[in-house]
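Both complexes below contain subunit A, partnered by subunit B and then by subunit C.
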Partner chain A sequence: MFVQRGSSRSRVAIAGALSMGLVFGLSACGDSKDEEPGTGATSLAAIDCTPYKAFGDLTGKEVSIYTGIVTPEDTPHKESYKPFEQCTGVTVKYEGDKAFETQILVRAEANNAPDVAFVPQPGLLQRLVQTGKVKEAPAEVAANVDKFWGADWKEYGSVGGKFYAAPLGASVKSLVWFSPKEFKDSGYAEPKTLADLKALTDKMVADGKKPWCAGINSGEATGWPLTDWMEDFMLRLSGPETYDKWLKHEIPFNGPEATKALDAVGEYLKNDKYVNGGYGDVKSIASTTFQDGGLPILEGQCSLHRQASFYAANFPKTAKVGPDGDVFAFYLPGETADSAPVLGGGEFVAAFADRPEVKAFQTYLSSDTWANVKAKVSAGWVTANKGLDPANLQNPVDKLSAEILLNPKATFRFDASDLMPAAVGQNTFWKQTTAWLTGQDTKTTLDKIEASWPK
Partner chain B sequence: MFTTASTTSDKLLQMVAAILLFAAIIGLILFIASRFTGKSDRAVAALYLAPVVVMLSVGLLYPGLRTVYQSFLDASLQNFVGFDNYQRIIEDPEQRLVLRNTFFWVLVTPFAATGIGLLYAILVDKARGEAFAKALIFLPMSISGVAATVIWKFMYEYRPDQSNIKQIGVINQIIVLFGGKPQQLLIDSPLNTFLLIAIMIWIQAGFAMTVLSAAIKAIPDDIVEAARLDGVTPWGMFRFVTVPAIRPALVVVLTTIAIGTLKVFDIVQTMTGGRFDTSVIANEFYSQAIRTGDRGFGAALAVVLFVLVIPIVVYNIRQLRRSEA
Partner chain C sequence: MTTEAPLTTAPVGGAVKKVTTPAAAAKKKLSSPWASLAAIVIAVLWTVPTFGLLVTSFRPEADIKKTGWWTFFSNPLVTFENYEAVFGAEEGVNLADYFLNSLIITIPSVIIPLFLASLAAYAFAWMNFPGKNLLFIVIFALQIVPLQVTLIPLLTFFVDAGLAGTFWTVWLAHSTFALPLAIYLLHNFIKEVPSSLIEAARIDGAGHVSIFFRVLLPLLTPALAAFGIFQFLWVWNDLLVALTFTGPQISPITVQLSNMTGTRGTAWYLLSAGAFVSMVVPVTVFLLLQRYFVRGLLAGSVKG
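Right, the complex of A and B next:
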């Protein structure tokens, strides 16, 4: 107790120093965190309130949030707002809804929008901005984003050259899950290039294993893991510039680059020697849910499973996730060892109101302060905010994701299907790659998606 | 405030407010009507009809006409595109598949469900434990389509063919018991569509049975007795007495199930989400209008659905009139 009170006092002192305008306040703050690893209310309470003073007296005001982030992930979010609420006296009203992605459009059009929405896809952000209800991001938020994020992230939150939404969380999709124990026992090494990955797979086949497992069944979204596979290979085989052109439809969807990427995926997923460990033949990928896709790793029936960082939550609580645990992930390598393309996703904070308390809250969410507070209270969460101290992250996969995201050599690209028009990204891309897996050839598949691109 | 009730007490409050509002409006109408009593029947009739007319126009007629109008617009409802959306429904191979599946549904479900319901009604008629037997087949009717589909997932569920893994799907377990290999039942088209149709039949057979059983019981005993005296065979009784006597009920059951089947959405959405070539019009409408955001095309699909329902409804009403005449 005494220690905590003491630390609280020292934090108040630091906060006071900051408010007096000491430039090195931020690093001092980081240091104090190293001294005091304990989490809990006292450490959360001590943030620097200065940036929010400029918005005037906000006591008693309310900010409403609407988001698709529901229980249990909503609790750390609510926790992370407390320091802001204590600073400003604002009450943050949180509303989580699984049907967020369709409902937010309805609510925006019906003039019933929340103050703030966490939008998980830049494509959806565009549609929201088109309703004319989204407010441009305040200057304070823009300044934070310029300081803490790469230009690519700012671009994803912009529509038509105007900056609307600051990034919030991020997820890394270029990960391959594996069993550290199996790798150690069989003498496998984490691959550093795509060729390594292929060689590793062949070695596993030679050892009598079915190396890969996958599952793409996800109700009406069935097929989305396949689009991630294809995007990862598109990014690796043809490079980020071509990837950008492809998702903006400046080159056709069914061009030689895309054909190469999908065929490369086919070498893994449509190969009966490689799949589907623990589940059966190629077609069983279609009837396996994405949640079940990687579970055979725990039973030793499958060695490799390509899926995003958030997949950690799907392993049972009894399985230890970590470099020395039952299951962990490695970075899906680039073509060469020194290239580091990263496919990922994230949410963006769009505001439908420009009252001072809303602006203050947006500023808080885009700060390094919030990123570190959030990191301390959550597991299975990461951000591309450069102000994040990876030491604050709670679990090993989050730390790995943060390392990948914050690696200066990394070329981050957003999940292309989230950026394409909904007719493609939320419909034919999923549907046709599913048909491709159950037998349709690459050319027909890509031609059909190309034909569905809105004119 | 009234659209964003989030707590239980808010919702209850809303419900009470809505009921009070309804009661107030009815009270107002009754009050005004009482002023008119004895003066003009037409005025009173108009007064009672007014709320219905208003609600139908606001809730049905206006959205209907608007949907027809939107079906001639593009994805964002900005530009007029003529008959392009309809052309796409007819020409796009994907959409043709949707039409084909819908055709399968409408062709198979009403006849199979009615046939099973009729057979069951005749079999259990006047048998011992009739009420219990009827309750059994009527039960599926009382659960929602989504729940029924979730139940049926455990019929079709597939687990790989490996020694250490047990099948959890009933059908695959039976296949394995007889020494076969487990099948991925929901992947192959068009088989998967028929497996989905089976769920609808399971739900609707109870409805058919209930209505037809009541109709069979209503056949006058003297007709049945006269037929018996003439020495009719059981088949002859069915063919020449029962079926003609319950014909109006049969038509109502067939058409009602056909209309319900045309609009089927929950089963497809829950089981496959329309994947593996199982989509039907209502599911495709949702997918295009809501998820894809192609609202013009979604509207066109809704109109096609509407147009397909009309002949069945017209036939239904005609048969009703004829049987009344």
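Right, the complex of A and C next:
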């Protein structure tokens, strides 16, 4: 009996497997060819090829890229390489992998490094340079970076005084998401100073709302949105010079400046009157994922959400992002109306090979040509390249970010947790601020992070 | 049926009852109503999350992001968009392309270690050569080496050997990691074969090769199938080894599944549909071979 039943079941299973296999096989055949003729090649205007002539005849050569940028942001990247490929005859092989940050170290150690890697953190760049496999940036790239980026950006791509990696994209973290419709209906204005922001928040509370919503849950990286909050306030309340000293540990992590910054964050995030719109009390911030953090804005359950420019991708496709849409962002103001500190992040182009085609490609990526080509094909992308014409950007949030980054008054600072030693920046800073949110006091929190700083 | 006859006639008198085999006693205990109830409860508890995943995979994006799958029953909105997305190039990843890669990776990664391990197990069980016991202990001890520590040296080796970026890297890596346990398991199984069988074959003039292929291999089937499933599930679900050794063209479905959620995890709602697609094959394999799996789990562990 048992054997009988088993065999009939296995017949069903075989039939199921075969039919599923057929379906997948057929769809694999059907889909793979459709997308091949690139739309970008035709829609993008040809670029000036002269800068790449100097690298000689590169026809038939290949450049491999390895990066943590995956779907859907990878498609515009691949599109933006096409003018270069047409100019030079080089084939660019793109490999996106979410596990990039660990795997790039493994590959570098094992001599299996790609030609080019997009490194999202200066701290990681330093560790890669320490493996001895990263090549210094060619002179053409250095010249482009001097021309198109501020000195602060060049510094982030340098290790030990040598310039290795040109900046690529950027993200602006000093943004507050809101609903333009709600602001219009209730007569709220975008705040111009930190005091304005506070007043606006109080006004919303008086209107019977819970103004702020937040989410810091992000798996093993839980807590990182809190570090951004604190860095933003550090930058605003104590100024960029103190911020730089703080992240280099020239002043203690638990000094009066840091205490002031974290307490300022606490006025918002540890205040049950202010948070957590759409989710519950203060503690619900820790259990809400950062992807979900700002979604209650769409439901009208929350009015303000501080998160980076890339958060735009989190809203469902049905929601319109823009100054006249369902959701948009304003610049998290400085302490005064004429200071414009900007917290952000970005990627850097590190090369593990110095073949001519790799150098040519690095030069292309560091040019204003690429920045504008990329702007035309992508949404949710921005760069601090001064050669970028903001009119080329597709998406209103990108335009806003570009305006903030390219504002002559702006003082850009890189996300401090990406620059601190990994034991702090990717560990205790996340964990202790999470503990702080769920009840630990400011002093204990900062003391514990200070104690974890590698001696 | 005839083999079961003695069991049904055995429990007649009190004296005979004591002779009841342990298997029959276990069967009686396990088929009591309470045991059945417990089994049903456990089965339901185990299945609920999978069921929730299935329901989720058919819900619209906004619903998945905002509410739990159980709200489906009060608000049943069904959509195939998630499945269209995981098979559409529009989202950047078409899982169908990587389905084949997973099969190409998994099948040799099961066959190579099974073949090598059964030969090695035979040698350890029925051949005499100097240093046999020491070698066996060394292989047995290799099981405790965590595979993580071997990743960078292995990758360096593959790069030096010019194998980087080919399927050989994953095939060899998975085979290497599987061999110690496979040899140990199959050795214990082969050792249990009555020596009279082997001796009879030898008297009939069979060498090692014909003993292995004609006498032992048919007897080994359940053990091979059991280890085969074990290895198949492990390789199919593996992410770490694939991440380290495969490149963009040859990566399996697990790697693409993790990339599918987007650079910052914004498309996580696609995971439920993606997970179901990648589950089809392992579930099929398990259903096909589950009888061997249970039988084989006991192989080498219980000695009479």
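The definition used in the following text is that the second predicted complex is superposed on the first by the 412 of 455 C-alpha atoms of A that agree within 3 Å, B and C clash if a C-alpha of one lies under 4 Å from a C-alpha of the other, contacts with A are read in each partner's own complex, and residues count from 1 in each chain.
Keep in mind that, in the parts below, a contact is a pair of C-beta atoms (placed from the backbone, for glycine too) under 8 Å apart; a residue touches a chain by one contact, two chains touch by 3 or more.
Keep in mind that what you see is a predicted model, and the values were worked out from it rather than measured.
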Practice item. Return first, second, both or neither, reflecting whether A:A422 touches subunit B, subunit C, both chains, or no partner chain. Key: first
Practice item. In the overlay, answer first, second, both or neither for which of subunit B and subunit C A:T438 touches. Key: first
Practice item. Tell me which partner A:R127 touches in the superposition: subunit B (first), subunit C (second), both or neither. Key: first
Exercise for review: Could you say whether A:T71 touches subunit B, subunit C, both of them, or neither, answering first, second, both or neither?
Suggested key: second
Practice item. Classify the contacts of A:Q103 with the two partner chains as first (subunit B alone), second (subunit C alone), both, or neither. Key: second
Review point. Looking at the overlay, does A:N111 come into contact with subunit B only (first), subunit C only (second), both, or neither?
Key: second
Review point. Is A:A221 touching the first partner subunit B, the second partner subunit C, both, or neither of them?
Key: first
Point to revise | Contacts of A:A286 with subunit B and subunit C, given as first, second, both or neither | key: first
Practice item. Using the superposition on chain A described above, determine whether A:F310 touches subunit B (first), subunit C (second), both, or neither. Key: second
Practice item. Quick one: name whichever of subunit B and subunit C touches more residues of subunit A. Key: C
Check your understanding: Do subunit B and subunit C land on any of the same subunit A residues, and which?
Key -> 95, 110, 112
**Study point:** For the subunit B and subunit A complex, residues of the former touching the latter
**Key:** 3-4, 6, 75-76, 94, 158, 160-162, 184, 186-187, 269-270, 272-277, 287-288, 290-294
Review point. Can you list the residues on subunit A that touch subunit B in the complex?
Key: 95, 102, 105, 110, 112, 127, 130, 219-223, 276, 278-280, 283-284, 286-287, 422-423, 426-427, 431, 434-435, 438, 448, 454
**Study point:** Parts of subunit C lying in touch with subunit A, wherever the complex brings them together
**Key:** 61-62, 65-66, 87-89, 91-97, 99-100, 151-152, 155-156, 158-160, 164, 243-244, 247-248, 255, 258-268, 277, 280-281, 284, 287-288, 291
Study note, to complete from the structure: Counting only contacts in the complex, subunit A reaches subunit C at residues 6, 9-10, 13-14, 16-17, 20, 24-25, 27-28, 31-32, 34-35, 68-75, 93-99, 103, 106-107, 109-112, 218, 291-292, 295, 310, 313-314, 316-318
